[in-house]
Each structure stands twice: as structure tokens, then as C-alpha cells.
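Read through the structures below before going on.
Two complexes, one shared chain (chain A), two partners (chain B, chain C).
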Partner chain A sequence: MSPKRSEQARRHVAVIGAGPAGLSAAYAALAAGACVTLVDSAEQPGGQYHRMLPEAYAARRPERLQHGWRAFDRRRHQVLEHPRCTWLPETSVWMLERPDPEQARERGGPPRVHLVSGPADGTGRTRCTLDADALVLAVGAHDRVLPFSGWELPGVFTAGAAQALAKGERVAVGDRVVVAGSGPFLLPVAASLLEAGSRVLAVLEANTPVTVARGWTRRPWELAAQPGKTAELAEYTVALSRHRVPYRMGRAVVEARGEGRVEEVVTARLRADWSVVPGTEHTVAVDAVCVSHGFSPQLELPVAAGCALGRRQASPSEISGHPGASSPAPSPTNEFVLVDDGQRTSVAGVFAAGEITGIAGAPAARAEGAVAGWTAAGGAPSARALRTLLRSRDQGRAFAERLARAHPVGEAWPGWLRPETVVCRCEETDYGSLCAALTDRAGADPRVVKLNTRAGLGPCQGRICGPTVAELTGRFGGPQRQVRDSTGRPVEGLAQAAPHRRPIAQPVRLGELAASPMPLEDHPPRQSHP
Partner chain B sequence: MNGTRVVVLGAGIIGAACARELALAGLEVTILDRGGAAAGTTSHGEGNVLVSDKGPGPELDLARLSRRLWPEALAAVAERSPAGRRAADAAEWEPKGGIVVATTQAGADGLTRFAATQRTAGVQAEELASATLLEAEPFVTREHTVAVHYPEDAQVQPAGAAAALLTDALAAGATLRTQHEVLSGITRGGRLTGVRTSAGVVEGDLFVNAAGPWSGALAARLGTPLGIEPRRGDVLVTAPLPPTVFHKVYDADYVGAVGSSEEDLQTSAVVESTRAGSVLIGSSRRRVGFDDRLRPEVLSAMAGKALRLFPSLAGVPVMRAYGGFRPYVADHLPVIGADPRLSGLWHASGHEGAGIGLSVGTGRLVRNLVLGEPAELAADAFRVDRPAVLGTQIEPQQHRQQQQHQRHRQQQSGQLSQHQEEGA
Partner chain C sequence: MSPKLVRAEHDATSRRDRPLRITVDGEPVDGIQGQTLAGLLLASGRHAWRHGPSGAPRGVFCGIGVCFDCLVTVNEERDVRACRRRAADGDVVTTQSRTPRQDEEHT
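So, the complex of A and B:
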């Protein structure tokens, strides 16, 4: 990159999300010579993975709490202090504005980014717009939690929330805690809880040892290629055994009970399909329970940008693989943003990286971010560094595939539910009402079910119950599909009933909405020379 | 009429209301929709049941008929069965009344005059003293000039209301077939006798086009183009609040925007609470085809106008926004009646943003016309052969034929036979 190159000629890359993927994308885009605007809703970069304590009570030794802290810390400084980087903390993207098709042909750019800046609970937030040459979406994922009786009680936490409290605020969610669900994420959560002073009574993995072992050991060389991740998991396992925390497979929390807050949980043994083995129920006294059944990618911005979604393609070796470990069927609950080798989405100028393209953890997210940032900045596809990154990214993807196989969601889980079990916690919609609505011929359309049961209409806008409702809808009414006309094109004006469709991606106050937005400078470097 | 096979094209609220009336009258009704029931325009609107925004004329007559029929219809649905009771309850009927507020002197003059003409047509429209307004709506702007209370205005949850009407139609023997897209018509001897759909042929004696903003395109597939186009409206939904807005409150500009034909953006504030505590904020009108993108500047204009009515809502978070396409006709009147160009084809569409409210009256009118009963109101203004609908005035002779047919039907209440229909 020639330092004489004029600022006007530089590509401007906007990166949404400053977690492992976004930070890495920003770094790579800067290295390729672009101007970068890095946006995150938090005060500090790091995302969910490197969640940082607010400056006021920052940990003196964050490396003890966090894996890969030093590398992250170095990267953070390299990016935020770079003269061509504009860092917009506490800034949310509330809308992506797709250009007119004609306009898009002319301008050729990605959607316009609409932002609100300022503390989320403050009153002085400002609205602005950002037009970049390329947009990298690296917005990550949030916990997926399946409903069970009593999960709406205070004291029931998503594992992510519990970890955020432990990592971000040094708050332990309880003294006697059970961690349950599925996936390797349960381990770092348990480790964070131990670090914060909780007593972890057990970690329960819902999948049976057979399912997990089959998923993880089918191609051990791939696991060996993710040494960082393997070592990290090993570390957590050591931490658990040091505290004598039992790790049980094929067991789940199927009910939480208590007066006003959780006092005990019922655990039960599960078969491979997650049906409960009768007579195996145990009651455990707890004051908190943390659950996670994997992750849901945050797809509202990719959907708003118009990016095509789908299930990540399995490699040929995958398809000819073990007959017993079939891939989960495509459904709205395992859709991700489709990207090509350069992390390009189906929309020109829009790139995606990290968990929104497949749940694979931080190392894979970093590699994807770097590829996305480099490509978005117009970096040479032949760069040697890129080859290493691509290899690392592909290893990450193989890891993701393995993760999905080792920790699937068993399809018999609705067997835990009772008619009165709450499915949508925001609107208190119960399972019985939802089933009644889904089987009512006059009102079974997904949008009508939503309006009539209110499931998904509350403050979280279906982020928690959306996958559950979509899956139940699929079971009752067959797969949800886009209504198409006779030529196979989607019907004009009939929006797809997509669980991720949230054109207003983040709440925006009426007063903020009424104000005219300030356009951010096209090239916002803080200094005039690189 | 028993044994007459009616095929209703479109399972939105208009189709549901027509199907219900015709099924209750003993006709054999099939409802087709290419998607799911109520999944289109019906579930993308606010659920207005308004008389306040209409000046004296045929649309107000239809609105007043509908306003009378709504509680009757929902009570009848509820009485039918336990499922009917649940469905009627889910319609969330709220006869909350509307308050129109003017904030300028010009707006005040216009509103006062408009309310006076409405009163002559029998609409209850009471001018509110400032103190009374503030008692009724404590959070409304102090900057108001005139406010008029319309106690007859009401609201429903539109998807629930459509499901209630449809539930009743099905209980009365109608059949619903979703995922059936109409591809073309089958005519025999100049008469529509069937439709080819993506799931096979559906035959019938009488077809009612109730496809909302798509009814123009659907009619074209049947060989009878119709001047009905989509006009987009957007709605903002706030996080649930403690009770803040007690009526349907809108600014005096709204009536002008409803009646306008501008392609460009028209916005005016319509603010109301739902049973769940969210505040709904409308409204916008744009003719942009089926462009489904939300426009930030539209939402911004709506927010600005809503804050002029309720300044204290400035800090309230908007959780979501949605937009819908309404069936727009250039002369702003619904299209209800037989198509003079193709025997057997009827239309019930073109209600633009008022279709939820006008649905039950439309269903009743279609039933009156089909059965040849004395109609509860003059249907002539809604006839299909209007310049705005057909582009050019059709032959007066054909119009006379249609009127003759109607008189003929009113005299005869016997079996509708092929022969009679052809001879009409």
C-alpha cells in the first residue's frame, strides 16, 4: 500500500460488530489500506467472547478470566489506535436501508447504515447514517434456549447472560448452580461461574455420550487442526475437575420450580432424541440454573441487507460420511448467511463473518473476519497471508460442522412441554395456546399465529422464542415457505414469514426517529496522514 | 340459491367476510388463497373501524353499515361454538371511539366544517372543549386548536378479526384451501366456470375476487384487467407502555391523506394503544408498487407527526415497524359487484386502508347482490364499470344489463340456474 495514495481513493469499509470476527475484519481491512469505521453497541470491543469489564472496575488480570487475552488486547490497540480507523462505541445499527435497484446499479454500494449513538439507557443519543464502499457484518450470535416448565422463573439464566454477568460485572448468579443444555459452551460458562465464586453442582449435556463421541471423533485430524480450541476446552475440563464438578451426558433440566424464583430443578436422563427416560427424574435444590442449547445467529441485519440464507454446504466427505450421524434437516433454526470463499454474501458490497455464517467459535470467527476485511478492502486475492487465513477458516468450518453433529438438538424435546409451559417469556404465551393456534385452520399462517398468540411480539422480538416457534410451526404445518408465483419467483408484496425479519433491528426512540440523521463523513480518519 | 358453488379468491378479511355471509346463506363456498389465510394485507394493518375519516357519501354509508354489523357478527361468531367464542375474543373488538385533533387554525376550520357535514349524515361527531379533551386524553398536546370526538370509531386486531369471520364461515360449511394460486380462468360460453390453480382446477358458478392489492393482477389473469393497485402504508409499534393513549387519536390532516391520490409520500399521525399496551403509530401512504422496503425517512416523518400529537412519547422505544399494501383505486371507492365483462366473475376489493372496517358491510352487500335480496345500501357507487376501475367507461348498454340483472335477481329468489344467469 503506497502511503501517497490519496484518502479519496481509499476504500471505506464499515465493520458492524467488534467481537473476534469484527475486530479481525477491521484489522485486515486496515492492513489492506482501507479506511475503517468499526461499530459496536458495547462500550468496549471484544463482543461476547472477550467481554470486558467497564473501565471503572476493570480486572487487574483479565488474562486469568479470559482465553487468548493478550492476543486480543494487542489486536484491540492495533485497530482502535490506527489513524485510519474510526471507532464508534455504544452505537447500534437500527436499520439497513437497501438502495433502489436502479440506484444500486448506479452507486453499486452496500445498504446505507442507520445508527444511533450514545449510552443505550441515556437520553442524548444521536442518529447518523453511514455510507461505505463495503459493509462487513460480524454481529455474532446469542444463546438458543429451549423452553421447559418454569424457565420463566427468576433465577433461570441463559448461559450467555450468566457468563456476561460473571465476566462483565463479576457477579455470580447464584451460590448453588446447575449448568445445563448442550454444547461445549457449557464448559466456559461453568468455569466463569466457578471463577466468580458460585458452586456449580453439575454440568449437564443433553446429548448422549454416543452422539457426542460420534460427532467429535469422526475425523480426529480436524480437531487437531484447531489446537487453540482444543486446548481451551481442555483447560475448562481441568478447572471443572479441580472443583469436582460432575459433567453428565444424556441428562437435562426438564423443569424448574420455586415460589417466585427458582428453588429446585428436575433433571432427567434423555435418550439420543432427547425424549425423557421415565423414572430417571431427580430433584436438585438450586438458587440458579444456567441453560444453553446452542446459539442462534443474529440474522436481522443480514436479512435486512437482503443476504441469502441457507444451510452451510457440507463437504463431499461429509456427505459420504457416517450413516448414523445424519445432518440435521434444513429448517429456519439452522440457517446461516451464505458466503463464498471471500466471505462475500449474495448482496454486492456486503460481507459476513463469524457466527452468522455458522457457529464455530472465536478462532474460526477471527479467520473469517480477516478474510472478510481483506476482501472488503479490495486486498489482493493472491496475498500469501490470505492463504493461511483461508486454511484456518476452513478448519474452523470443519470444526463448526463437527460441533453441530456432536451437539444437535434432539427432536423429541417438545415432549418436556406441558400445555401450560410458557414458550414466549415476553408475552407469556403458553405451549397449549400455540398448538391450538397452529392447528386452527382459519389462523395457521405464521404471521397470523404470531399476531393471535403474541408469541414473539414482546421486547425481545422473538430472539429467544423465535427458533422454538418456527420449529413447532414446521412440525404442525409443514415447512414454512415463501409463497411463490407460477414462475417460481416470490410473490410481490407478500413478505416471507421469516423468524429473523426485524426491519427495525434495535429499538429506537420516537424522538430519535423524528430527528433528521447526521451523515457521517465519508472518510473519517482522525489524522490526515496514515 | 342452495347448491350454487361460490369460489372466493383470497382469504383475507374481505374474502372471509364474503365467504361467511354466503356460507351462512346456504351457498357452497370454497375459499382459495395462494398463501395462508389473512397473511397479506389483513395482517399488515392497524385494524381501523372508522366512520370519522369519511365524508357523507357511499363509503360512509358502507362504513356505517359495517360499524353496525361488527358487534352483531362477532356476537354471532361467539355464540356458535367454544372455538367461535375464542376466535371472537381474539378479534379484540374495542369500541374505544376516535378523537380528531387539529393543531393549526386552518386545520381547525377544516375539521369543524367536515364534522358538521358528517353530522348531517347521521355520524356522531362532538366537538370537545379543551378541558374535556385533556380529561379524555391527558397526554395529548396542549397546542391543539379543535378536537372532535367520534364515539362510533372502533378497533379490532385485524388478523384475529379475519380468523373469527373465517372460523364462522368454515363452521357454516365453507372450505378453505390455502397454497392455491390462481393461474388462469376457464370460460365456457362467455362465462367463468372454473379457475386453474397451482393445485388443480377449481370449478364454480360464481367467483368473488377478494385478492386485495393483488386483485388487479388476478383479474388480469382472468382476462378482465381492473384498476386496482397497491398503495403502501407503514405502522410503527412501540414497546408496551402503561395506559397513555385511550382513543384512536389522529390529526386533522389524516382525512386529507386518505382522500389524496399523490404517489409521493403522505403521512399523518394516527396514534392508538393495543390491548397488549403497545402504541401503534400510523400512517403513511405511498404508491411504490410492491416495494417492500421500509424507508427511514417515512418512519421519521410518522414519528415526527405522532410527537406533535403526543409530545410525551419522545422517549418511548419503537420495537418494530411493518408495512402493508392496500388496494388502491383512483376514485377512492371500493369495487363491489359483478364484472359486466365476464359473467360469473364478481369483485370485492379496492378498500384501500379501510378494508378491515368495511369488510363485514362488504360481505353483506355481496350477499344481497348475489342473492338478489333488497340491498341494505345503494351499491351503484361501487359498481365495477367505473372509469377509475375499467380505465374507460364501458358501454352503457352493458351497465344497463347489469342493473337489469340486479333487478331480475331481486325479483327472483329461486334457484340460480345456468339458464337464468346466461339470460340475464
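So, the complex of A and C:
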């Protein structure tokens, strides 16, 4: 199906992220006849979903830990070994350079990609730049964890960390573990922990059975369109019941305690809005707790590229079914990259796929990636394969909506915070100081709050506490600053983007900055034009 | 009691371990090739190796390079995310602190 073209006329598509969406985008772009540069910060493709064991483990049965291994294994070989694909592992995008308007008219195309290759955070990595005809952003998401007292103790992990350690290097994070938070992701994490030999004491879903059931049983025919996902979840449920792990709904970890590390957690029953039911607290001895309250899309690259963001999923108050509940200010926690039917973002030549356009899981990410890669490569919009892809993408989006409805973040969660609860882990800013800063009228500008409390100014640059601080700011009625472009006009769709604005997307060392970067075309690790 | 590495002979993936040794604050610590520094430190029974501004201990939180809680110094390179860096035989790892009294440098 690939049109015949001379090498010069081939479009060059850069794909950032080699998880389900990125790998699929690379495959589709290659199928459409483009040259592809696939970039990922890990040594191997797969992303968080298909997290692979290190090659040094010389595992003979890696498929034992993987869902859909065969299809993934075939796809990664097809892409990485393709003569028109350049694979850049252990490579991070640290900056996207937007052309100034005049250059943009002249050169066209997406922002210039600045890359750094080599061992994570090492000195003397090599820097290069990449100018492609189209850019597909498929950078994924990370766990969103709401703060609770003691969450900064060692032994409190994100669910994603437990999963990465168990699947990616065979380390079980503890012997007695509680998995808590919200969403179906808690199930594979518990299953991985069990497989690695941990004792999982309980899986706690914060949402009540009514909320979960209402979300999942709404329009059941949509669920039938996701047989893979449904079967996968059923498998985890079987693993849990085989190990007699209780799955409790309407219960959450509201505190972690211990001397220098977590020794026990306090769980409590929650109402539909996640307010704690007094007197239902229960203490459990643990040596690890794994928490996830959903996912935060990694928006720094889309924001750096200038992509418009917006809400794709309904807000918690729309979901919880309490029409009387006060509607919280629109929060950046449910913002995603806006894309059209061809996965185009608002920026010419920039496409987005996977979790950054809405949390929908691997099958939807694959479908979106394929559409993005095909469109980015200039593939015919009338292709028959595209129609199938669009259908499965739309089914994926319906699934995402269901997920959001069944597992919303209840708006009363700050009720379990205490004044001394750490909100910003890096700077140890506590909830009391943050509230004081937010209610101080003179200082309620988000920048002033940030400088006064230091929340979001630490090494993680607000990646962890950003959504929480933004949500609390919204509730205290803080001003919503408009992001303005270079001419001072408010940028449409970017009003909420401030928490993701990081000019440096990944840490880069001063020594590395001093060395001038090589354009990738001159120094490709592997010849991309055979 | 602690995080641990699934033993190779019990590992469903049939992996083959090749040992390596690093030092952590001068103390030799054994691991296997392919482990991240975070995985190696956890499996060696360490759950914390960094101090926050108040002196509170920190170890791994996000495990995928987002939270920067697990920073260590590796062969004199500061601020290396232990969850993202593979251990290499002979690595000299020193722990870091953001507590002003112990360490004037900020990470």
C-alpha cells in the first residue's frame, strides 16, 4: 500500500516515545512510505505497558510477564529492523524549539527536536538535533498520586513503580503490601506483586461500588467492543481471587506511618465524594504500600510544541451524579492534548497519540498511534485500513470515558489531609502553608504562591504535586492566568497549561549544553537511507 | 521485611544472573547485570538513600524517572536518577542530601 516515491521525496516522521502508541505510529508511518526516527528514553521499546526485562537478564521466557507479548514482539521487530527506521534508544528530548513565525513560513514543519543520548543523567551524553517533516508525540503518562499524611515515607511507592520493579527487573517492593487508589490499573499491579512473591493484603478502590458499577455498566455494548481489555481484567481478577486478595471498594489509604519507613497504613471507608466516614479507620501493618489515583499525561513536550490542551473527559462533579455538588473550577488535572480525527494537534506538523490525548489504555493507544503515524506520513485519508483504525480508536475513546466515569477522583479528598501533611514532596511544603498562601488575597497569584511556599520548585519541577496544587488553587478561587504568546495575545486552549510549562523537558547538564549539537542527519547511529 | 529480587531459580522468566559489585558510600554491594541502581539498592535491603530538606529519608517513589526522589551521585556525577540508571560493575555510588546542614549544595 505504500506509494512509490524517490528517497528525497520521502517524508521524515519523528516519533517520540516507543510505547504502544509510538511503536504503532512508527509502524504505520513506515507502511505509508515514510522514513522514521523513533526515540525513547529507555533502552528498549515497549513503554510502561510492555515494560521489558533488561537484555542482561538473558530471560528465556520473557513472555511470562507480558500481556499480548507475541503481537508486541512481532511489531517491535518489524519496526526496529525496518531499513527506513532509525531507532534511538536511551535518548531523551530535552527541548522542542519552535521556529519563529518568519522561519515557520519559510521552513514549515514542526519544532526542531533537541535530543540527548546516553546513560540516564550521565555526563558527556551526545546531543543532536532532529528536523523532521512531522512529529508524533506519544510520550504517555505517569501515576497521579494524591497526597496523604506519610506518603513521603520510604516504602510508599506509586503503583507504577511497583509494576516497573516487578516486571522490569524482578524486584518485589515488599512482603506485606497494600495496593490502593483508583482505577483498573490497581489490578495488574497487584497481580505483578503476587507473581513476584509479595503478599498483597488488599486492593482498595476508593470509589464506591455504586460509582464503579454505574460507570462500568453504562452502555454495556461498548464494553463488548473491547474484548481484549475485558479479558485482561478478568485474568487479573482470577489471579487475585486465587490468592484470596480482598478487593474493597469505597476504601482508601488515608495515612502512612512509621519510623524512617512505612510500617503501617490507616485505611478508611469513603463516601462517593471521597469524604472519610468517621470511625471506619483501620490500621494495617505493611512494609510497602502502592498507590495510584489515576494518571497524569506527560504534557511538557506538547506544551513546549505549543499544542492546545483541553478537557476530553468529564470532570468529577459531572460524574459523581450529585447535581447539587458545587462544581470545582476547571482543573488542569483532566486536561489532554486536543487532536482532530487524524490525530493532528493545533500545531502544524505535530501529531499526538496515546495517553496524552486521554487515558484509555494500550489498545486505544495503539489505534491512535497508527492513525497518527499514517496521517503524519501523508498516507491517503481514504485508505481502507484507516477506517478500521478509526473505528477501534473511537471504541478506545468510549472506553476512556467509561474509565473516567467509573473511577473519578472524588472532590472531597483533601478532607484526609492535615495541616502538616506534605503536599510538595521535593520542598516538603505542607498543606497548612499552602492553604495559608492560597487564601492570602495579596499573594494568591500562582507564581507568588509557588515562590512563597516553594511548592513545585524542587527537582521534580511540579510533576508530582503540580496537579494537586493546581486543583487546590482552583478551589481557593485563585486567578486562572492566561498563557500569552509572544505578541501578548492569550493563547487559545492554553489557559490551564502553566503547570506543564518547563522549558527544559528533561534534565541536561551544563557541560552537555556547552557542546554544540550535531544535526542527526550527519551522525545517525544507523544509516536511515539505505 | 524488605524489597527483594525474585530468585533466579524461582523466576518464571528463566533468567540467568551475571553478578556485579558496586560500592555505596564505600560499602560493597552485590547485584546483577541489568538492574537499575534503584532496583539494586532496594534488593540489597536499603529502602532510603537520600534526605529531603528536613532530613527526612527518601528512596524510590515513582520508579520511572518523574519524581527525582531517588537521586544519587554515581562516579562523581551528581543527581543521577537511580531508577533510570543501570548499575555498572565498579560504580561508586554516594548518597545525597538536601538537608542544608549536611550538604550546602542543592540538588
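For this structure, a couple of remarks:
Operating definition for what follows: the second predicted complex is superposed on the first by the 479 of 530 C-alpha atoms of A that agree within 3 Å, B and C clash if a C-alpha of one lies under 4 Å from a C-alpha of the other, contacts with A are read in each partner's own complex, and residues count from 1 in each chain.
Following the convention adopted for this analysis, contacts are C-beta pairs under 8 Å (C-beta built on N, C-alpha and C of every residue); 3 or more make two chains touch, one makes a residue touch a chain.
Since the structure is predicted, the reported quantities are computational estimates derived from the model, not experimental observations.
Legend: residue contacts after superposition of the two complexes on their common chain; A:P209 is shown touching neither chain B nor chain C. Contacts of A:P419 after superposition: neither chain B nor chain C is touched. In the superposition on chain A, contact is made by A:V448 with chain B only, not with chain C. Legend: residue contacts after superposition of the two complexes on their common chain; A:E427 is shown touching both chain B and chain C.
More chain A residues lie in contact with C than with the other chain of the pair chain B and chain C. When the two complexes are overlaid on their common chain A, residue A:T123 makes contact with chain B and with chain C alike. Residue contacts after overlaying the shared chain place A:P459 against chain B and chain C alike. Using the contact criterion defined above for the overlaid structures, shared-chain residue A:F157 touches chain C, although it does not reach chain B. By the touch criterion defined above, A:L513 reaches chain B but does not reach chain C.
On chain A, the surface touched by chain B in one complex and the surface touched by chain C in the other have residues 123, 427, 458-459, 507 in common.
Touching chain A in their complex are the following residues of chain B: 16, 34-40, 43-44, 83, 86-87, 90, 157-160, 162-164, 166-167, 170, 176, 178-179, 181, 183, 198, 213-214, 230, 236, 238-240, 276, 278, 281, 289-290, 292-296, 299-300, 303-304, 306-307, 313-322, 325. Residues of chain A that touch chain B in their complex: 95, 97-98, 114, 123, 427, 436, 440-448, 451-452, 454, 457-459, 461, 483, 485-486, 491-495, 497, 502-504, 507-511, 513-517. Those residues of chain A whose C-beta lies close enough to touch chain C in the complex are 41, 43, 48, 53-62, 64-65, 119-123, 142-143, 152-158, 160-165, 169-175, 195-197, 260-261, 287-288, 425-428, 458-460, 463-464, 507. Residues of chain C touching chain A in their complex: 1-6, 10-18, 32-36, 38-39, 42-43, 47-48, 52-54, 56-69, 71, 77, 79-81, 83-86, 107.
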